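For reference, the structures are reproduced in the following blocks.
Next come two complexes built around subunit A: one with subunit B, the other with subunit C.
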Partner chain A sequence: MINSEVKKNKIDSIIRACGILLRMNKARPDARKSERLYYQMLSNYFTRLLNARDEGKFVAAHTVFFPTEILYAMDIVPMHTETTTWMISLFTGECDDILSAGKELGLASEICTPHRGLAGAFASGVLPRPDVMLWSNLICDNTAKSGELLMEINHCPGFFLDHPFQHSEDEMQYLVGELDDMIHFLEEQSGQKMDWDRLAETVALIDRQIELFREICDLRKATPSPFHSQGFLELLTIDYLFPGQPEAIDYLETLRQELAEKVSVGQGAVSDERFRLMSFFIPPMYLMGFLERISQEFGAVSVTEPFFTYWGEGRLDPGRPLESVAEKSYMIPEMRMYGPLDDRALKSIVGCAEQYKIDGAVYYADIGCRHSCAMVKLFKDILNDIDVPVLTLDCDVVDPTITSEEEMREKLERFFELLEER
Partner chain B sequence: MFDRFREVNSTFPRTVQILEHKRQGKLVFGWLCTYVPEEIIHAAGALPIRITGHREETELEDGSAYLHVNNCSFSRSCLQMGLRGEYDFLDGVVGGSTCDGARRLFDLWRHYVKTPFHHVLTIPRKYTPEAHALYYHQVVRFKEHLEQFLGIQLTDEKLHQSIDTFNKARALLKSLYELRKSDNPKITGAETMEVLNASFHMPKELFNEYLKDLLHDLSGSVNTHKGQARLMVTGSVLTNPELIKCIEDQGALVVTDELCTSTRYWSDPVVLDGEVTLLQAISRRYLNNFPCARMFPSDERFNRILGLARDFRVDGVISQIIRYCVPYAHDLPLLTERLKAQGIPTLALDVEYGTSGSGQIQTRVQAFLEMLEAKKR
Partner chain C sequence: MKALGIDIGSLTTKVVILDNDGTFSFNITPSGDEAELSAKAAVEESLDRAGLRFGNDSYLVSTGIGAKFVSFTQQQKTITTCLARGVNHLFPSARTAIDVGAESATVLKVNERGRISDWVNHDKCAAGTGVFLQQMAKLMMMPLEEMSKLSFDANPGPDITSTCAVFAESEVISHVHRDPPTPKEEIVTGIYRSVVSRILTLCKRIGIEKEVAVVGGVALNSGLVSILEKEMGLGVLVPDTPQIAAALGAAIIARENIAKGSYR
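Take a look at the complex of A and B:
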């Protein structure tokens, strides 16, 4: 059960793929500049991670929805474990090997593929051994429970950040205390001090980043909608990997400008926009190209993704950096999957559907994600109440054996026919 | 000896006691997880009962339609019973943010079953002083919400009485478990489960009377049980004694267990040491109690399991994990290693909630027992 790193890790496969994507982008005259910036940022992120050990940098592996801004402010190199694992899987086609390695550790097949794969990726040396492991219960039991096994596999210390379920003053105070404890832990382990001025600057940039996310989302309300269906994955990757980083601001400002220009001339993401969709959860990564083609073919555009792009209200205060980091964790769109599904949360989904004038919703029911699947019926009901049909697509975000392109095409075609009839 | 307990369980949730309680105009509150402090509900004059699912493995058409098939069958089974009106007598439902299944079960229950009162507590996953402070505030808020709903003031005197009643039940259950430590216990694992199920399905005062009588009867009994191996059952929520019986029918004796419906339900009392308030004592007990797999660090749970294995002289462990019960599934590789280091083999069973034990389970248990037998030689 030990990450012996006998084999070379596979981070370079992402860097190579980003290089190819960059060259392809440059070869297309109509390619987005923001897309170019995006691939360059990814390439830089993984190059930094690849070279970290040689450069004597301290590496912290962390699970999804983790406050990476803390790591940047401490000059610690972050390794977003889910993104890194599944980008490697996507670019090397080694999904089966990674999942098998997780199974060999004794992890049951009911544990979602992203987290079963994490353990497999570390155990098989696909991911490099970090100096520390950080994880939290944001967003599910899988994130909450994955860290201890990863610590054992990597023979490294770790810190579990306990994120409260609800949002009261007591819970905020607890979360700020947790963040403070984590900083002490990181200072002890890395020998590097928290740079509070840098954290305050980072928080100021995150605040700007969130404003830009909101402005971009506002532009997507236009008819026709200017951003392509799978583009939201860029937005969430920006938040996952680059919170409060200047290059993220550059990317978002560029994208906003590009979308604003398209809106001003009435140019949509597809040549003939016929269906405006709301998307729930993440489509299968290995079908991205196919789904983009379907989007063009049927004039169906995802205009909003409540779990990933629809940010909560509020502003951050650089004068209170730690409190702001805590507050941000309640503003992220993903909080809708974690927190209580009370009337307020349900009304926000309905409000989102109305603001974006959606014709239908597509729910990617990831077989491993209990959280999101448990909401399928509830969201169907509340959206049906405002006359919005919902298509549920059973799938897995990374495992291609669960659903096929043909199956998905058939269901989507039928759904679009239904929308057309209405 | 066990008929009274069996009767409660076989008629639950519409037991004579619950129906009588309602007939008298009193309130019944359902709770969804062992991190919900029952004493608060009891002190408010309501009857706290644990919401459990169908007694046996059942088709879960409604449960799966509302909660999706990839949520554990316990949550789906509970929800199905709620949706079908089997808990329509409840005046309140109280949940905790313990696991994904429990949280979503509470959300859907609130939306579709529409029990008049509902409250969910944030349950920290740590044992730090800050986590204790947060949980304490959660308990205070729960108490205030309940007071507001019922229009009452919850007095210290009432709380004290409730703590006494619940501690008495815990002490009696401990006495019952002590019997299981002997070479030839007077009670089987399946019989014990009948007692445990009744403990959270009926008024505690009456349960305490029943259990006192049982302990008295057992002390005078000459009947004993012996198995070719002494086993501990760990893992997900389990209420069907038939599964334990199925294991014991293969020749083993289940002598202890680590389940939220067994040892983890009753093991720690509320300690009143005079230095803390009653609410602090209650909240301290619930957060420090024998932990669920959700808590961090997991070694707290593992060490308690190893302690049980020593105290009850366990030869092997059967880990029964309901499909999609993620906290326990994640812990399994680590727990198996720790048990192995102590020379205790583990059999891992994937089950659905309510299972009575299939032919495949029987075969796997038989093979496990043969392995344990060979190990002894």
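Take a look at the complex of A and C:
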């Protein structure tokens, strides 16, 4: 049974793709070393996941924004379900099959594609069956329910981490209690004990990681901006898959060094930087290549993503590891968008617009994400008030049938003309 | 040096020749299957009419859905940029432009220099566009002009969906065939209100700033424009030939480029 599962799942497609990307990177003399480290890390992550069963490792599948550092500290193999599913979809071109499998489970088309896709990926065996399913309502309310479904599909035990919406001392205490309960659950299920020293070391590294994220963001303020348009997705993936991992520090330090060198010689991500953009939400994954090309063609670079790469203030204390894990969940950039949307969060948009000297903003309005679409008007008004035009692109982060490359090009060309004529 | 603009739409191709004093002549021809050939023929016909020849003394800017398929123009610009210039030339006081063409509807905010500051459009469904009205005219078995006349002084008419052209069509069929049938003029009014509702949704997304100009082929439909005015609660500006606004804008950009010496 285990062998047939291993044969059926598509994890190896990511490893193969990373291998090809690594070869391509090595063949290009001007390729970034950080990019090489990035693909190597991905390859290692998914190889570990692919071999986990054979090596007798305990696998925990988890949804996005889950505190994976707990799993690393317990020597449990994490499977980030969203990243794994959509990388498989991207590299195999099987998005339609994955979404159709979700549809066959009875999930309506109004449910966002990432959630439909996760259910479809597990049901069709694209993802391997985990030992436990972990999910949380952090950032995305839908996950609170879809995680339950994933647990049922996998016929495995699961744990729902209830993350409070607000941020106060009481809520922090509650969250620490939740994390503690989850650790007990994982200890029971895996038979592995939490290594508190390792968690403390991991927290120390996360603290360093966040510092590096901030330094990289600062470097992106330079004109011309040194990091390529879709580069922020690398930063997201690092945070999603490798919190507090030494290889993530290595990657981030290398990237910071590369960007610092480019800034020192005035070299930008594009040869002729004309438009500095702010990005909201995630661009369609299947159009990454196109978006990089059009970025080069028009000299348009995403220099800041206030709710994806701009970390909240604060430091983590390795002496209080569990409290720090709880604290970190309130510092992640997305929390300012999906958590309580207070004045400070809204002012940070204006602050970013000024600090990064942006010319315009692009809002990738994923039609299935009610959270992000609900804020289009609010953010647009805030930016329009400081004379920053905003382009809203209705799209889907994974489903290529919603918006074509042609449509995207037409709208971006119109927007770049608008910016050019100002 | 002559400044020419060509807007290659899905149904018609519009060519404008702009003189230095701001006056212009234009020509509207059906768009052919071969965009390159039919666009060239349209330009040559326009030049012929003006007693001119196609050659090195013309600067041509193209726009519209077919612009990317033609190779003989000096520059290609997006439809929004051209619409903004064209509307500004026709109505310098206009700050909002509504363009309803054959296959899409666009609402733009235009500044005093004829530049867009924002825009929003819908192009996912025929509902709320010119081809939708053509389809409805076939269904009602009357020309568009007659539909337009009928709508004046009619009762508000039934609610017809603005979400989907196919659903709207089946609703109209049911009104035609019910016993007794819904009066034709009321069905027409319902159809127009459906289109207007779609346009107003776009307007609300972007905000309406006076004056408002309506361009594109659908602006020729005075019945629909009248309902739009009622629903918006304000009068709108409609040029004599609203179809040519984008081609005019393209010609204006051509003239700007000539002035900048871009043709050399």
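Worth a mention:
Heads up, the rule we're going with is that the second predicted complex is superposed on the first by the 415 of 422 C-alpha atoms of A that agree within 3 Å, B and C clash if a C-alpha of one lies under 4 Å from a C-alpha of the other, contacts with A are read in each partner's own complex, and residues count from 1 in each chain.
Note that a residue touches a chain if its C-beta (ideal position, glycine included) is under 8 Å from a C-beta of that chain, and two chains touch if they have at least 3 such contacts.
These numbers come from a predicted model, not from an experiment.
With both structures placed on the common chain, the touch criterion links A:318 to neither subunit B nor subunit C.
By the touch criterion defined above, A:137 lies against subunit B but remains apart from subunit C after alignment on the C-alpha atoms of chain A. Once chain A of one complex is fitted onto chain A of the other, the partner contacts of A:365 are limited to subunit B, with no touch recorded for subunit C. Contacts of A:422 after superposition on the shared chain: subunit C is touched, whereas subunit B is not. Look at A:374: by the touch rule set out above, it reaches subunit B but stays clear of subunit C. Once the two complexes are overlaid on the shared chain, A:299 sits clear of subunit B and of subunit C alike. Of the two partner chains placed around the shared chain by superposition, subunit B is the only one that A:111 touches, whereas subunit C remains out of contact.
The partner of subunit A that touches more of its residues, comparing subunit B with subunit C, is B. Of the two partner chains placed by the overlay, only subunit C lies in contact with A:384; subunit B stays clear of it.
Subunit A uses residues 377 to touch subunit B in one structure and subunit C in the other. Against subunit B, the residues of subunit A that register as touching in their complex are 1, 105-108, 110-111, 137, 140-142, 144-146, 148-149, 152, 160, 162, 164-166, 168, 170-171, 173-174, 177-178, 181, 340-342, 346, 365, 367-371, 373-378. Residues 65-68, 70-72, 97, 99-101, 103-104, 106-108, 110-111, 120, 122-126, 128, 130-131, 133-134, 137-138, 141, 293-294, 296-298, 321, 323-327, 329-334, 336-337, 348, 350 of subunit B are the ones that touch subunit A when the two sit in their complex. Contacts from subunit C toward subunit A in the complex involve residues 77-81, 115-120, 123, 205. Every residue of subunit A that touches subunit C in the complex is listed here, in rising order: 377, 384, 389-390, 392, 407, 410, 413-414, 417-418, 421-422.
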